[in-house]
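So that you can tell them apart, the chains are marked A, B and C in the order they are listed, and the count of residues begins at 1 in each.
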Amino acid sequence: MITREVPLIFTAGAPGRTGYMPPASDVQEESVDTLIPAAYLRDEAPPLPELSELEVVRHFINLSRLNHAVDVGFYPLGSCTMKYNPKVNEAAAALPGFARIHPYQPEESVQGALAMMWHLGRYLCEISGLHAASLQPAAGAQGELAGLMVIKAYHEAQGAGQQRREVIVPDSAHGTNPASAAMCGYKVITVPSDSQGGMDLEALQAAVGPATAGLMLTNPNTLGLFDANIVEIARIVHEAGGLLYYDGANANAILGISRPGEMGFDVVHFNLHKTFSTPHGGGGPGAGPIVVCKELEPFLPVPVVVKKADDTYALDYDRPQSVGRVRSFYGNFGVLVRAYTYIRRLGPDGLKQVSETAVLHANYLLSKLKPYFDLPYDRVCMHEFVLSGKRQKAKGVRTLDIAKRMLDFGIHAPTVYFPLIVDEALMIEPTETETLETLDAFVEVMTTIAREVEENPEVVKEAPHHTPVGRLDETRAARQPNLRWRPS
Amino acid sequence: MSYIPTTDAERQRMLAEIGVKSVDDLFAEIPSAARLRQPLNLPAGCSEAEVFSHLKTLAAQNADLDTYACFMGGGVYDHLIPAALTDIVSRNEFVTAYTPYQPEVSQGVLQSIYEFQSLICLLTQMDVANASVYDGASACAEAALLACNQTRRGTILMAEGLHPEYRAVVQTYLEQQDLKTVIVPMQNGTINIEALSDLLTSEVAGVIVQHPNFFGNLEAVYDIGKAVHAAGAIYIACVDPISLGVLAPPGAYDADIAVGDGQSLGNQPSFGGPSFGFMAVKEALLRRLPGRIAGETIDHSGRRGFVLTLQTREQHIRRERAASNICTNQALNALCATVYLSLLGKQGLAAVANQCLQKAHYAQKQLCALPGWRAAFSQASFYQEFTLECDHDIDAVNQRLLEHKIIGGLPLARFDQRYANLALFCVTEARTRSEIDRLVDVLRTL
Amino acid sequence: MYPVELRYTKEHEWVKVEDGNKVRVGITDFAQSELGDVVFVELPDLDLEVETGDNLAVVESVKAVSDIYAPISGIVAEVNDKLSDSPELVNQDPYGQGWIAILEIQDASQIGALLTAEQYEAYIEESK
């Protein structure tokens, strides 16, 4: 990692320079104002940067060197499943037959693309134990929104749309759950967790009723714990006439072991960028396909990829009960290619090994770290677990300080202060692709920091010390927002 | 072999540390009713070589734009992509990083987002931009929701010239919250300004106008803006970012929100995704802008740095009262745009935009001279897309063109039967004169 | 520090009776220290009519959002515009320059229902 500042692209270069030009035009050039009335034209060209190709390359390569990434080092960011992203997936997505096709080409000229999508949909149905898929949602949050729309459309078709106005979420849920429910026009009912970190059945029983449209749940939940009452939870919600939504953020724990369908869920979204190893890209693109049970199939977004009697594939728009569209075209196709490649590469045995190893790795770390940090729920965990920095807080060191100190050791910090129900939470997800050496090195770092908290807390409180910049002033950023460069 | 490094011996060591006998014991909490009894019914796994060969076979069944000359647009455009861009955005430190939750080790992503926001503002002549949303359609939907929240009104007008799929997405989003969408009809290929005036009641929160519109035509953006503002509504302009190399930016015609799809800025067509949507607003609307926003600040020793800021707008803090449920943006696709605009710069972008304009007009003239083909909206000015009316069956024409390694104009009947016999052609800088002439020659022989 | 001339609510707002039928409203020192650095205050519109318990304003720190409820029914007569540019006043001087709004009230008897400094202090102690 370099430690020097990279100047803004706007302050580099020189007037008249350019890094790329199209080939000279080979058609007769007309005067622009004979083609377009002058009022529509731009007065002067936008003041974009003027740099040579090399200057641009250096600028961005130097910027890239300021980033931590999975390909650089360990990334135990809970709930984000920062596993290794195999390179063959990238090679597949870059094939011209995938990267360079237009969404409106005649269907017979994109049969390979449609076949891939249809099969990926089938695979996700099998993995979830459900019936039909839509690959359209562009991200997990959009999958949540689309899934809730499907639930809403179902209740409306049953004539219960007016009564069923509430969506229940546990207090441990991802922020997107209540935000998606609100965006779907629902009232959000928050239900507390029980002493074991699971859903409080009594509170759930009290919360459900004729107004319940559905329950959104992550299982394993955001504490990394499998809710053993899941079948009972499903019964309670279904008996009240509600449906169950599975937030697939934590699906890396259950591949080939347990399926949302058997748990009793009616709708699932998967985060292909988590479970199915498509790269996170610094915050997208992801993909959040949804899979639903048979009763909900008519309501899926349009279009849906179908296989016709003659074994060709087509896009079906003729679905009168559909919720409509949530995205243009067919979703984040390039991401779908990568996930498809991953599933085909691993197969059923490989996928099961993924979850088994992810859970093994997490429990190993949990066992090693337990003596040094508070553990709010002392149970076998799934693919991730949540520690509390309470003990360290008593010494005047916050979880945020611990997180920043980890950066000094070349490790990305875990997810911190989430879930909200754990004080000073540290959520750790090692994933299956890390070696035992890396896990042991991580334990070493964590125990070193725990010791520093006792012996030399200042070094932790002032961390990080070895990163390109020190701890940044977020208050200043928010009080005096500087959100763009302006020409002087 | 599943990219898993753990050996049997290591597994035993870990199990011993945990204090269980087998990996299966770790799953004991899963009730038997929720356990999968049989293996997943999926194709068996295979080697890297085998899977790549399979993917190549699938890819080969698609007519790709390296082999076929594409005259189709409608929201996805075949522009030239600099080799340096492809190289830069494949950099592992960009590709395999995540949302910059720890800014001290994410300055590359954060600075590039800040530069992206700046570039979008420069292009659109707006005050502030976010770090991107999913696509142009969801950008329109988010803008519509923003307008409703800001004005506390419940109706959004959408010009008929807004991409039909964008209109569909806006409608899907809005109807969940019982907000209304109304289409402002078109007359001769552009918005019917009288109809707009009639529809602009005190219930209208915002108006979405695409410019150039879906049919390729330039809208009367200045007059529309005046009408929209006179009614106290929010003016939302949906624009093609490359067109802003020659066309007046949304800031010039007083748009309150500028949105659009960014695929054309260095992203591959990729069957329609992933790309990104951009969203830029006037300062007054900043607090309602959804999604991530990067901002400049300093560290304890005064060094400049960037962080995600104004986060209280977002779902992880405000939960059900957030501006939107959006979590991540489309960072890598937005990075393509940042690199693209940096490489082309002031001159390059102007040259590309001008060339699209010139080549499209050259092609339109040739095509309109053919028997059975004529401009659908002869009065309207256009940029790089134009709509033709055709006496032939357009799908059959496109079949014929495929045989000649050409992807023809977009048959608009797929969106609305009222558009039967209309085809939308697109000509970018990537098309050569000889490709255009070949298209004309094949159509002449019909 | 809980000035005795002010009245308080369990939502950690303070109320100061001004001359006539006006009250000034802000958040307590305890509230500002719990929130941390205030970065933004969303002020109510002038002439907004609020009932006791209605949303009056929103105070934001970097990673938290806190609703400010009307401690008393009334009409918003004045807001502290200074907070738009200097939200830090809420931290620096919560009972002075960090005030949020002035309400014109109809029913002065509602003031009697608010906590005294002593009661508020006791409330803070017991909820610790």
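For this structure, a couple of remarks:
By our rule, contacts are C-beta pairs under 8 Å (C-beta built on N, C-alpha and C of every residue); 3 or more make two chains touch, one makes a residue touch a chain.
Since this is a predicted model, take the numbers as computed values, not measurements.
Farthest from chain C in terms of Cα centroid separation is B. The innermost chain, defined by the distance from its C-alpha mean to the mean of all protein C-alpha atoms, is A. Note: centroid distance chain B to chain C, computed from Cα atoms, is 44 Å.
The distance from the centre of chain A to the centre of chain B, with each centre set as the mean of the Cα atoms, comes to 19 Å. With each centre defined as the average position of its C-alpha atoms, the distance from chain A to chain C rounds to 39 Å.
Looking at chain B, one finds that residues 310-311, 317-318, 321 touch two or more other chains. Multi-chain contact residues of chain C, defined as those touching 2 or more other chains: 39-40, 60, 62-63. Residue positions 474, 478 of chain A are each in touch with at least two other chains.
Residue ranges of chain A in contact with chain C, taken from their complex: 417, 474-475, 478-479. Interface of chain B with chain C (complex): residues 287, 310-312, 317-318, 321. Listing the residues of chain C that touch chain B in their complex gives 39-40, 42, 60-65.
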